[in-house]
Structures are given as C-alpha cells and as structure tokens.
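I've put the structures underneath this note.
In what comes next, chain A is part of two complexes: it sits with chain B in the first one and with chain C in the second one.
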Partner chain A sequence: MRRAVGTTLVALAAIVVASPAHAHLVETGFGAFYDGIAHFAVSLADMLIVIALALFAGLRGTRAARHAMFALPAAWLVGGALGALWPTASIWPVSTTLSLALTGALVALDAKLSDASVTAFVIVAGALYGFVNGATMTPGGAGGLALLGAVCAIFFVNTILAAEVTVLPVGWPRIAVRVAGSWIAATGMLMLGWLARPTLA
Partner chain B sequence: MNTHRPWKLSVAGWAALLLFAPATVLAHQEIGQITGFASGFLHPISGFDHVLAMVAVGLWGAVLGSPAIWVLPVAFPVTMAFGGLMGLLGVPLPGIEIGIAASAIVLGIMVLAQLRPPLWAAAILVAFFAIFHGYAHGKELPEGASALLYSFGFVVATGLLHLVGILLGEAHRWAVGRQAVRAAGGGVALAGLFFLWQAVAA
Partner chain C sequence: MSAGLRSWLLVVLALLSSGAAAHEMSMAEMEVRQISPREFLWQWTVSGNRPANEVLTPVWPDGCQDEDNIVRCGDAGLQGVLTIKGIGKVYSAAMIRVYWRDAPMSVYTIAAGQPRARLSGPSDGASPGPGAYLYLGIEHIMLGVDHLLFVLGLLLIVGDRWMLLKTITAFTVAHSITLAVATFGIAHVPAAPLNASIALSILFLGPEIVRRWRGETSFTIRHPWVVAFAFGLLHGFGFASGLAQLGLPDSQIPLALLLFNIGVEIGQLAFVFGILLLERSFRLLECHWPRLVERLPGYLVGTLGAFWTIQRVVILLRSVA
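Then we have the complex of A and B:
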C-alpha cells in the first residue's frame, strides 16, 4: 500500500510538471518518408480521392481492383515527379475537384465501366492529384522521399479499401458504398461552387 | 498471490494516461480546418425547417421501402449540392423560403398519407425541393472556412439527418409504429405550414 501511495505521489508530481506536449515530433521530425505519409493522412482532398477511387475500383470487381492497386500509386508517383519538376505550375483546383465529383458520381451510380476504362480513369485521376502533390510539396521542402511516403500510404489505403469492397455482398453493404459515393460527389459539387464564387464576386 | 498488484498497475496506468493530457496540443491542425468541418456539419442542423425536411425524406424513404429507401437519400444531397452551387454562383432563384416550407408540407403529407408514387416521381419531387435547401445554404456559406472540410461536414450532416429519418421510419414495420410515423409526417406538414406563414409574412 505504501508503495502504491508512493507511485501515486510520483505520478501526481509528474502531472504537475507536465509541459505542453510537442506532439508528432514537430521539432525533430520522423524524416521525409514519414512526412509524406503524414501529408497524405492530413490532406482531406487527397484522402477523399483515394477513397473514392478505391470504392469505384472495388465495386467493379477483383480484376479492376487489382489493376487499380498498382495503377493508382504508379500514376501518383509519376505525376508527383512531373509536378516536382514544375513546382510553380498551377495546382488546377477545378480539375482536381471535378475529378473528385466525377469519381463520387461514378460510385453513386455504380457505373458499369470495363476494367480497362476503370484503370484508365484511375491513372488519369492519380496522375492529376500526384502532379498537384509534387508541385505543392516541393516548394515546401519535401523531396522525392516524401512523395514516396505519400505514395506508399496511398497504396496501403487503396489496397485495403478496394479489397474490402470487392467482397461486400449484394444488398445494403454495397448500397452504403454508393451512398458514400454520392456524399463525395455532393462534396465535390459544393467545392466547385466555392472555387467559382470568388471569380464572380 | 499478491492481491495489490492490479491496483498498482492501475495507478501506473492512470498516471501514464494523465501524462498524455498536456495543456496544449495543436498537432497537424491546419488553420481553419476544424472550424470548417464543425461549421459545415452544424449548418444543416441549425435550421429547424431544414432538419424537418431532411428527416422527412428519410421517413418517406422508409415508408416506400427499397429501393426508394436509399435512392431518395442519395438524390437529396447531390441535388442539394447542385442548389448550393447555384447559390454560390449567385444564380437567381425566387421563393427560396416558400420552397423550403413547401418541402416540409409536401413531404409531411406524403408520409402522413402513405402516398406511394413511382420511384422516378418520388426522386424528382425530393430532388426539386433539395435545390431550395441547397440554394439557401449556398447563399449563407461563411467566408474564411476550409472549403473542402466545410462542404464535407455539410454533406455528412445532411446524410445523417436522412439516416435518422430512415431509422425512425423503420418503426413503420409495426402497426403502432406505422401510426407514429404517420403522426410524425403530420407534424412535419404542420410545421411546414408554420414556416410557410412565416415566409409569406416576411
């Protein structure tokens, strides 16, 4: 009991002297690779398009999901490398938002595209977002290793999600995926309004 | 056996947990992002007229059954976003508040009377009213928030309101529940009449 009281007192003392936590190693960092992973994890735009593409490929079946599993990260990496070469290029917000809304709509409609079409769509969307990633990350000091980290995270999320969707039974689970697609489409459509508003103001 | 061991472990565990409660942790929070999601999420549920209409969509979907139970809640957010787009672009649309009030009246009557039009007609009706709701929200969107997070929160809240309506509407499976759902529809229609009176009087 005495030992427990002692432990408690030490713990309380430690709590009293607790200083603001410098969480996520903002001062030292984990390194460029993990910065890339973190960049993807906290970028809702990137996360949403990867989720949408994974849902889309997953709904179209195992073959399409397998193709997308490699096509998306590869396209993202190539696009990112090109974007890193032209870091001052426009980030094309209308194009990326349109592709987000379109992907969401394809999921919501459960569009019956061929495997080749799904792969082509995934490559175009992945390259577009990758280009924007490369163009925006490079001026911030993130290099190729950070891009590789982001691409690895994309591969991970896309593979897990698409694989889960391919095995969903017909009925409510697949309907839930389509509802999620409609939400992404609606979000993209509202974003288009936000993008257009300042130009008209 | 040492019976005090679990207590000592518990103390250490609690102490460790408390150490993770520092004064400030602002890790990875981009400026405006949390505000954007929170304000977007709260926007659809801040107006009673919007809430009632969106819940009524879910109620009606549950009454109609599959596939309307999911087609209507999919049609509403998408066309509502289109209305929001119109509002953001400044496209003129007359009678916004009257349209919103009418949506509560019509959807409430549909639930009350258990009307079952063809799916396409129900979807068009819901989509038509969704434009008014979206337009009103689009005109009111605040400056300075994170656009993507705001939009995402806005759509998620709308979808969850439909889900609430669907869950309530599932009571339709039982005789008592059916009467309760019809009564809820009547309540929505009455509230819609009140909103209409307010809109016309304004």
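Then we have the complex of A and C:
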C-alpha cells in the first residue's frame, strides 16, 4: 500500500513538473474561451494549486471561502495579464512549487490562520500562478479571452470545492481533506527535490 | 433603470453581440474529383465569412503531391492520412467529398476533435466516424449562446427541482423531435425566420423572469415545461442546421442524428449542472449579492433576447425585400 502511494506521488510530481514543457494552448475547436478552460483542465500544476487553495479556504470557514471565491480568480487574472505582458519572463518553478507545497502543508495542518491572512495567501499564490500562466499561455497563441476562460474555470472549481468543504461535518470527512492536503504537500516536496536534482548532480 | 445598470448592459451587449451568429457552423467543404487513376482535382466549395483557402491547408497522404489544386498520387492512389492545418480556429470542421470515377462518393469529416481522416480508396465506406457527430453536437450547443441563454431563462423561472426536471425534459424531447424531422427532410424552416423566432423565444422569457421577481404568476411560471416544449420545437430546427450542413448520406442519418443529439444533451446538461452547482455554492457560502448582481442574469436574458430579435428581424426583412 505504502509503495503504491509512493509510486503515485512520484508519478504525480513528475507530471506536474513536466507540465510547463508543453505549455502550448489546448485547441478545443470551440474558440479561445473554451481553449482557456481546457488549458486549465489539463494543466495539472494549475489544477492542484486551485484545489489546494480551495480546500485551505474551505477549512477556514464560510467567510474565508467567500473571500477566496473572489480573491483567487481576480489575483489570477491580474497576474495572468502581467504575465502576458512579459511572456519571456522566467516561469519561476521553485516559487510556484514552494507555494504548492506550503498550501498543501497548511491544509494538512488545518492551520488556524485569520480570514485576512487566508485571503492574502490566496492572492499571493493566485497572482504567482496567474503570472506564470499568462507568461506561458501567450507564446502558445492565447489571448485575453483564453485567460478569461481559464479564470472562469478557476472561479468555478474554487467556489464549488471551497463551498462543499465548509459544510463537511467534523470527523473523518475533514480528516480526508487534510490527508488530501498532505498528498499535495508531498507532491510539492517531491517536485522541489526533482527541481534540485540537476544542481546536485 | 439606473445609469450604472444601463452602462453595464451596454457593455454586456457589446461583448456578446457576436453571439447572434452563434448558430452558423463554421464548416468548410472540399470537393475532390478523380480525373485519372492517379490524379485528383480539388477545391473548396463552401466557405464561411473568410475563404477557406486563406486559413485552411490540406496535408495530403504520403506519396501525394499537390500542384495548382491537382493532387498526383503514386500507384496506391489517394490513400493514407489526410489532415487539414488550421482546423479549430476560423473553421471548426471541414467536410471532404471524394468523387471517384468508378465508385460511389466518399465523405469524410475533419474537426478539431478528430483532426485526421484515413482515406482508403474508392471501396471506402465513407464514414466520418461517430466521434465527429458527437463533437459537433457538443460544439453546436457550447457555441450556441442563444440556446444556452434560453435554458438559463428557464432555470430562472422554474421553482423547484421536480419542475426543473420536467422543464428540461420537455425542452429535450421537443428539440429532439424537430431535429429528427428536419434532418430526415420531412420539414424545413428557412434560417432567417427561424433565427428571429429563436431570439423571440428568449425575449419572451425576459418579462416572465421579472414577473417571478415580483412574486406574480402567469401561465409560463405555473407551467414552464409547456413553454419549454413549445419553444424547444423551434430550437430543434436550429440544431438541425448544424447537422444539415454535413450533407449526410441517407444511410448515416440515424447514427449521426443520435450522436449529434447526445452531444447537444451533454453540452446542455453540463451547463445546467454547472449553474445548479454554482447556485448551491453561493447558498452554502452565504453570499448576499447586491440586487443588481442578483438580477443581472435575468436582465441579460431579456436584453440580449430583445437585441437579437431586433437584429434578426432586420436580417429577415432585408432577405424578404
């Protein structure tokens, strides 16, 4: 069982690290808006951070989740727009991976941060990922409509997940959420190890 | 209506006005005629607003060379994988008809979801593949902003879940009937009056939504499924326009009809469940929206319905004049 979990985490980390390599925009044939949604859906790193932030905000209650519902897409949109302006900027793999691991750890620990701190954390993480998103999507041919599509998908996933977590009863359902957080943290740490590999060699 | 709200609606109208053309499928058509055992003359026969030859480039099977719209192939003839560069941008799909000298015509469909066709010579069964029909159905509803807006209007009127189930089912049954009727060629409605009527169906829901806000009642509010069924018949003819452009051989119509309809349902149900999930989430998160935001979807249905009605009636009158 442990071996299976370990293998899954390594595989997940490898896929997440590999995702920037194929940052070209997914073509659904439905237009740029839907291309943006599809880009988010197939970008595992983006999906994981949104899930992690939604779980984190949801665990902190209705008010924090409500703030995160607006803060995350707004920060992602602003970050994405800035990233689109400087598409050649570095994609900052260490910063994004660190923020993923940190968010996972906060979920796993069920960290009792204030609503304002949760919102601030969500804004920083969202803007960071949004910037990378904008910087990688633009050279792939994405415009503002694709970014808007991705942000709408983020709003949808974050809102629904965070809302459902807020109503989870105390007991094993909340523990399951924390376990999911620990998996995300472990994935982030494995990614960090993967990123450090060339410098160690 | 406040100045702020009017400005908002103007911005929304400007952003969404392109949706008036949302019905028109961006399907290109290519004709390939065999002129000798190894030579084929090809040309784009149907294009949309932008000529297909400007944005689409066919990549012929290995062993075939294109020169001045004449494809010359080796001993194997026109066999192998055909792809079209540029599919999924201006044109969402392309239909290729191959006219053989000594065999029945073959038809292939290339779409973003199925970007290649395997040509296997004159004996080919000419099936575009079930995936293409399913994909076209999903695409038609996802890009058909007017259909989705009508469904949104129904969701805003319907009171409880049982009524919602009845209403959505009635809409589905109705548009399936007319989709089949139109696809089998039993009845046909010209595009201009049809599009104007579909816009009118959306406009019709606007005042009903306002009545519901005011706590008033009407036949539509009491029996939304009847209205959904009646207008669903119209929308079915609209869906049929997407399938009709494929120019299907008779033998393929039942399968294509079924899969296209399933595609439409997948898209429609995804939209309905998405709206319901968001509504539940807003309730769980105790969101108290300002009245303007709360009523924005209703205003969107009414104003866009009015805008499209005026626009499409003008197009209808121009076509008559």
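Details
Everything that follows uses one rule, which is that the second predicted complex is superposed on the first by the 173 of 201 C-alpha atoms of A that agree within 3 Å, B and C clash if a C-alpha of one lies under 4 Å from a C-alpha of the other, contacts with A are read in each partner's own complex, and residues count from 1 in each chain.
The criterion applied here is as follows: contacts are C-beta pairs under 8 Å (C-beta built on N, C-alpha and C of every residue); 3 or more make two chains touch, one makes a residue touch a chain.
Bear in mind the structure is a predicted one, so any value in this text is a computation, not a measurement.
Of the two partner chains, chain C is the only one touched by A:A65; chain B is not. Shared-chain residue A:V107: touches no atom of chain B or chain C. When the two complexes are overlaid on their common chain A, residue A:L44 makes contact with chain B while staying clear of chain C.
Touch counts on chain A: comparing chain C and chain B, the chain ahead is B. Once the two complexes are laid over each other on the shared chain, residue contacts for A:L53 go to neither chain B nor chain C.
With both structures placed on the common chain, the touch criterion links A:A196 to chain B but leaves chain C unconnected.
Once the two complexes are overlaid on the shared chain, A:S182 sits against chain B while remaining clear of chain C. Looking at the shared chain after the overlay, A:I160 reaches chain C, while chain B stays out of its contact range. Across the two superposed structures, the residue set of chain A contacted by chain B and also by chain C is empty. In the complex of the two chains, the chain A residues touching chain C come out as 27-31, 34, 62, 65-66, 69, 156, 159-160, 162-164, 166-167.
For chain B in complex with chain A, the residues that touch the partner chain are 4, 7-8, 11-12, 14-15, 18-25, 27-28, 30, 33, 70, 73-74, 77-78, 80-82, 84-90, 138, 141, 147-152, 154-156, 158-159. Residue ranges of chain A in contact with chain B, taken from their complex: 1, 3-4, 7-8, 10-12, 14-15, 18-21, 23-24, 26, 38, 42, 44-45, 48, 105, 108, 175, 178-179, 182-183, 185-187, 189-197, 200.
Taken together, the chain C residues at the contact with chain A in this complex read 87-89, 92-93, 111-113, 135, 139, 142-143, 274, 277-278, 280-282, 284-287.
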